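Next up, some structures in structure tokens.
Next come two complexes built around subunit A: one with subunit B, the other with subunit C.
Showing the complex of A and B:
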């Protein structure tokens, strides 16, 4: 398969994987750790959505499904497809506890992207494409224009019933 | 080619971090940069230990980012109290 198309498909799959899992696990609802609240309020002050801001802050401050996706892809690339993902899931679990985050978003993201990578290997997309795809996906959320991406995340959170109730 | 793509992303995010005004905004660009660097580590080293290195780096950068974001919030509160 053409490399560019493979990277784009991998980016879309990674984006869907981590946004859905993180939203479902409640990242837009409240800041998991204190640092996430600072970032969320700053995004809101700059014209964004508070729930989206909490989501972005939680991505920065603790290993969530986006970290799980990237690290599971890296582990699948270097170690091999199911084994690497499982090792990454264990290490991301330790990382969550180290960051005082009681959640399981990182572990869940790592395990689900391992299944997706396994399935995608049958159509010619390798784990290396998922590494680059995940970095591209996170740049669309954290690296382009924060008010717009936070509003998009807020809309998705509202649709899934996870929008924040904090003022 | 994959390493070149990641390298360009890391460079762009580093530049945005330098030129951003708001400190919290910088944290978001730094986070995107850390994703890119972790990916670069895994793609360049290409052995199982490379993945361990990338994971360790990424989790350490997440812990530091949390500490920095928390301190940014505390510094803002202290300035307001002084006034």
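Showing the complex of A and C:
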């Protein structure tokens, strides 16, 4: 498959994987640590959504499904599929617990992207494409324009019943 | 799509690691699932994180060159014992809520 198309497909799959899992696991509902709350409130002051801001703050402050997706892709590239993804899942779990996080989002993200990489390898999309794709996916959330991305994340959180109840 | 016999044995090994961890976890009277809402629970249960740790440790041993169904079963048993008696002290729950 053409490399550019493979990276675009991998980026879309990675984006859907980590945003849905992180939202499902309640990242927009409340900040896990104080740093996440500071980021969320700051994003809201700049015209963003508070739930989306908490989401962005939480993925900065602990390894959630975004980190799980990226680490599992890198581990599948270096160690092999699926062993790399499974090893990444336990490393993400230990990292989560060290960051005062129960670890559900990170390990679920790592395991689900391992399954996706395994399935995508049959249509010519490899773990290297997923590493680049995940970097692009996280740039759309954290690197371009926080108010817009937080409002989008807030809408997704509302649809999934995970919007924050905090004022 | 062709699935080779060694792939099937590898998949069977991971399943065996999970099953042996579940059986030993039940013997050790670990909770099957964390209490609700699960996404905020730090309780160490059979499904999470014991099963995830079991397949992760099995994958590490496989990559170090120790293959086989027996290895997977032993790893499952040891992981359940580790999760029950040592994981809580190694990675304790946060003592206080940091956010207000």
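Simple rule for what comes next: the second predicted complex is superposed on the first by the 166 of 167 C-alpha atoms of A that agree within 3 Å, B and C clash if a C-alpha of one lies under 4 Å from a C-alpha of the other, contacts with A are read in each partner's own complex, and residues count from 1 in each chain.
The rule is short, and it goes like this: a residue touches a chain if its C-beta (ideal position, glycine included) is under 8 Å from a C-beta of that chain, and two chains touch if they have at least 3 such contacts.
The model shown is predicted, which means the values in this text are computed figures rather than measured ones.
Following the overlay on subunit A, a side-by-side fit with no clash is recorded for the pair subunit B and subunit C.
By the touch criterion defined above, A:147 reaches neither subunit B nor subunit C. Looking at the shared chain after the overlay, A:37 reaches both subunit B and subunit C. By the touch criterion stated above, A:3 is placed in contact with subunit B alone, subunit C being left untouched.
In the superposition on chain A, A:128 makes contact with subunit B only, not with subunit C. Of the two partner chains placed by superposition, only subunit B is touched by A:46; subunit C is not. By the touch criterion stated above, A:86 is placed in contact with subunit C alone, subunit B being left untouched.
By the document's definition of touching, of the two partners only subunit C reaches A:103; subunit B does not. Vertex at the C-alpha centre of subunit A, arms toward the centres of subunit B and subunit C: the angle is 110 degrees, rounded to a multiple of 10. Looking at the superposed arrangement, the partner reaching more residues of subunit A, out of subunit B and subunit C, is B. With both structures placed on the common chain, the touch criterion links A:95 to subunit B but leaves subunit C unconnected.
For the pair subunit B and subunit C, the least inter-chain C-alpha distance in the overlaid model is 9 Å.
Touching of subunit A by both subunit B and subunit C, each in its own complex, is seen for residues 33-34, 36-37, 79, 84, 87, 94, 98. The residues of subunit C lying in touch with subunit A in their complex are 1, 14, 34, 37-42, 48-49, 52-53, 55-60, 62-63, 91, 94, 98-100. Against subunit C, in their complex, subunit A makes its touches with residues 24-26, 30-34, 36-37, 79-80, 82-84, 86-87, 89-90, 93-94, 97-98, 100, 102-105, 107, 111, 122. Residue ranges of subunit B in contact with subunit A, taken from their complex: 1-2, 5-6, 9, 12-13, 16, 22, 24-25, 27-32, 35-36, 38-39, 41-43, 45-48, 50-52, 54-55, 58-59, 62-63, 65-70, 72-73, 76.
Remark: subunit A residues 3, 7, 33-39, 42-43, 46, 56-57, 59-63, 66-67, 70-71, 73-75, 77-79, 84, 87-88, 91-92, 94-95, 98-99, 128-129, 131-132, 134-136, 138-139, 142-143, 146 touch subunit B in the complex.
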